[in-house]
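Read from first to last, the chains carry the letters A, B and C; within each, the first residue is number 1.
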Amino acid sequence: MSRALQFRALQFIVRFTIATSFLVLLAGCTAAPSQSVSNAEAQGDGAAMEAKLNVVTTVSPLTNLIYNIGGAHINLTGIVPEGTNSHTFEPAPSDAVKLAEADLIFINGLHLEQPTLQMAEASKRDDAEIIMLGEQTISPDEYVYDFSFPKADGNPNPHLWLNPMYALRYAEIARDALSARDPANADDYSANYDALAERIEALDQTITETIATIPEANRRLLTYHDSWAYFAPRYGLTVIGAIQPSDFAEPSAREVADLITQIRDEKVPAVFGSEVFPSTVLEQIARETGVTYVDQLRDDDLPGKPGETQHSYIGMMVNDVQIMAEALGGDATQIAAFDTANIPGTDQTVAQPQ
Amino acid sequence: MDALLQPFQFEFFRNGIMAAVLAGGLCGLIGVYIVLRGMSYIGHGLSHAIFGGAVVSYVLQWNFYLGAGIWGFVCALLINKTVRAAKINADAAIGVITTASFAIGIALISRYRSFTRSFDAALFGNILGVTQQDILVIAIITVLIAAVIFFMYRQLLFTTFDSDVAQVYGVQTAWVETVFALVLAAALIAALQILGVTMIAAALVIPAITARLMTDSFNRMILLSAMLGALTGFTGMYLSFYVDVASGATIVLAQAFLFVVVLAFSLFQNRAYSLPDTHV
Amino acid sequence: MDPILEVHNLSLQYRHTPVLQEINLHLHSGQFAAIVGPSGAGKTSLLKLILGLLRATQGQVQLIQDSNASRSAPRLSYVPQVDVVDWNFPVTVQQVVWMGRPRPKFSWPWPTDAEKQRVQNVLEQLEIGHLANQHIRNLSGGQQQRVFLARALVAEPDLLVLDEPTSGVDMRTAENMLHLLLDLNQQGMTILMTTHDLNMAAAHIPWIICLNKRIIAEGEPEAVFTEPILNETYQGDMMVLHHDGLLLVQQRPHEHTRDDVLPNPILGHEADFLTPTTPLEESPNGCATPAVSV
């Protein structure tokens, strides 16, 4: 109850600050353009500076996919900090500034980043473009509704990018959008895409082989908050919907008891955690059932730090599949050796709050 | 019979019900002093203040008990001092100090934006996830606090009843209030791990005010309040299994239900008493 | 006479407003003194300064123990105004009185047999022994006063300080309370109290201190209850009457009241200085005493 209240209080504070900062922004905007041009000219390389596209994205896997296409040709900013729950992320006043300066805004869509989308629509320049990657990847009849994202709520499961093939489609959309806006570098975008496509296809192959090493009876994911709805079917895994808590509500004792009973009945060796469910309760469930409690699966933040080779979309997938294979009794050596480096090299130029 | 004992086959439930009994009893015990001093909202306020302290100790990577405990203690002291020094009503002092402290937490969370939404759940735990270690901590704190209340009984009673006058009669009221602030902070920290921020306020106030309706004796009020707290902790937790509602909320609802029953009864009784008066 | 309390040049300010100015006061052992003055004169503040509950802006309060006493400092007891007490607080008469017992560092949560006996003795002395197990709310005004007096006495004070012990109760109860205090004083108790009731003070209390932010005058009632002193204390037009050996104080009725009120057909015009706006009440000694409200 109070959690929801506190959350609302937080929301209110954030919205209030956003509202007031817009006024300040409005005042500042009138003077800003001429000033920045003269600054750029004074620096001498004004042409190069202005030619670079300003691209804003949301969650870090998307940011990384777009970085792998755009490389150093674009100014890329991801606004959802890593480790933050993307479902409830509320953009801050500074994000409005970034959105207002953007040429291209890539968001996942499928109702994942609603507050950010609203802010983008309100603050973007007239010639800027918002691209909904999810909506352009699959059609509504392919949307998955499940225990975490029931159809009654109307919000489909948005975790498309955890299926590498969909991720590749995201990259393709990004390539086309960047090339249309910046034809001068279209060849580079295209070459980056080709290299990434080759790597993701290899990743897809390796994942298939790794999952195959898991004993067939264990190829089940008992999860609380389901991110794997588009991933699991591709690799022959079944997502067992554990009892679903309505978002934000505390679990009831009965739900926990039922979950314990379910884990015992299903005889799965591991249960995969969630950010929704208080981890102390899941830890207790794991203690009580004797299964491994895995809470290191990542769906919207990358392993490692910017600049490190595993800090990539591929790195995230490798990390997750490795953890799954180990927890479920498979062989993770092949996936662990997979090359996770970014195509255009180090991603330190990408602005990503940590 | 099996159906009635069904929840007890789960360890999490046995732990939870034990924690609920301890936390309920502890809050009931302390609640008496809080209610009688007219500071009913201090529980609500301090638990939010402690939220701020918890965020600070998280950011600074201090031990949770230490960081949040000191923070709560300082806030409780500040409230006392403000009430005395500035002649401000307790509710206003609580309002200012604890909301400011809470806001520090919120500000830190929005500054360090990589917090998840269930930050307080991550910090304060949940009654369904209490470990035996948590139970040990709250058991020790309960025993310590009961001892403090036992040995400082008269000083606490006099300070609660009339702190100005108590001072004249040789009670070291400043010391007593410091000890009480410490007791309160310790109890809140322990109970927060189990009941969560919202439920604390209710657990501090409802058993005490219910006990107040049942007796005019201070001693009996203390015993009753602690017992009601423990009892409703047990029933609430137990019922929550069958009605399939969050346990903390069920405990508070059990307390509120008991309060309503006792209130109705006492109103009825008063009416019965006052009827002859009005006719004579 | 052994001195017990010396107040030197005491001043108190609250947010730059003077509450008390340069108070000098001297009390000796066995004295019974009453502070009189209008509301806001600083009576309660002066008591609280003496009790150590407020800190003076300047000056000092000195408590003096006579040389042959065993205590290092005189012990004070305080009976607050009845209306500051939380009458709904769940305590019995016995518990309230028990609180006043001089405490050792350690005490059980319940009174010892000796303490119980001591409490009961004081209650009996004040004739409320039968009320020991009553809740304080269930008492009459006079009984409530006595309970708090009992708490003060059980502490075995050297100086008893009372704030308005005769207010908030009917006249007869107030009179009884005062007689109780006079009896205690007879037995050697030093008493300092405040009061609004000038006529009662004039009739019974041996030493009067007129206070309005500063001490206007002090002395025996005959000496201080004069029109100039009372006018200065109350900032009003006061009348002092001597009647049948009694000293009566009354605020002079305003001009308009005289005109507004119909002449009293029984008492005639001469009688209406006896406050035509307030009803006369019978005092225990049979003399009509107008209630003073200043």
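In this section, a contact is a pair of C-beta atoms (placed from the backbone, for glycine too) under 8 Å apart; a residue touches a chain by one contact, two chains touch by 3 or more.
It should be emphasised that the depicted structure is a prediction, and the values quoted were computed from it without experimental measurement.
Common neighbours of chain B and chain C (chains touching each): not present. Averaging C-alpha coordinates per chain and comparing to chain A, the farthest chain turns out to be C. Ranked by number of C-beta pairs in contact, the top chain pair is A-B.
The innermost chain, defined by the distance from its C-alpha mean to the mean of all protein C-alpha atoms, is B. With centres defined as mean CA coordinates, chain B is found 41 Å away from chain A.
One finds 77 Å separating the Cα centroids of chain A and chain C. Of all the residues in chain A, the ones that touch chain B in their complex are 1-3, 5-7, 9-10, 13-14, 81-85, 88, 92, 248-257, 260, 275-276, 278-285, 287-288, 353-354.
Taken in their complex, chain B has these residues touching chain A: 7, 10-13, 15-16, 51, 106, 109-110, 113-118, 120-122, 125-126, 128-131, 196-198, 237, 240-242, 244-249. Taken together, the chain B residues at the contact with chain C in this complex read 36, 150-151, 153-155, 157-158, 161-162, 164-171, 212, 215-219, 221. Within the complex, the chain C residues that touch chain B are 48, 51-53, 76-78, 80, 84-86, 89-92, 95-96, 98-100, 102-103, 106-110, 135, 137, 151, 155, 161.
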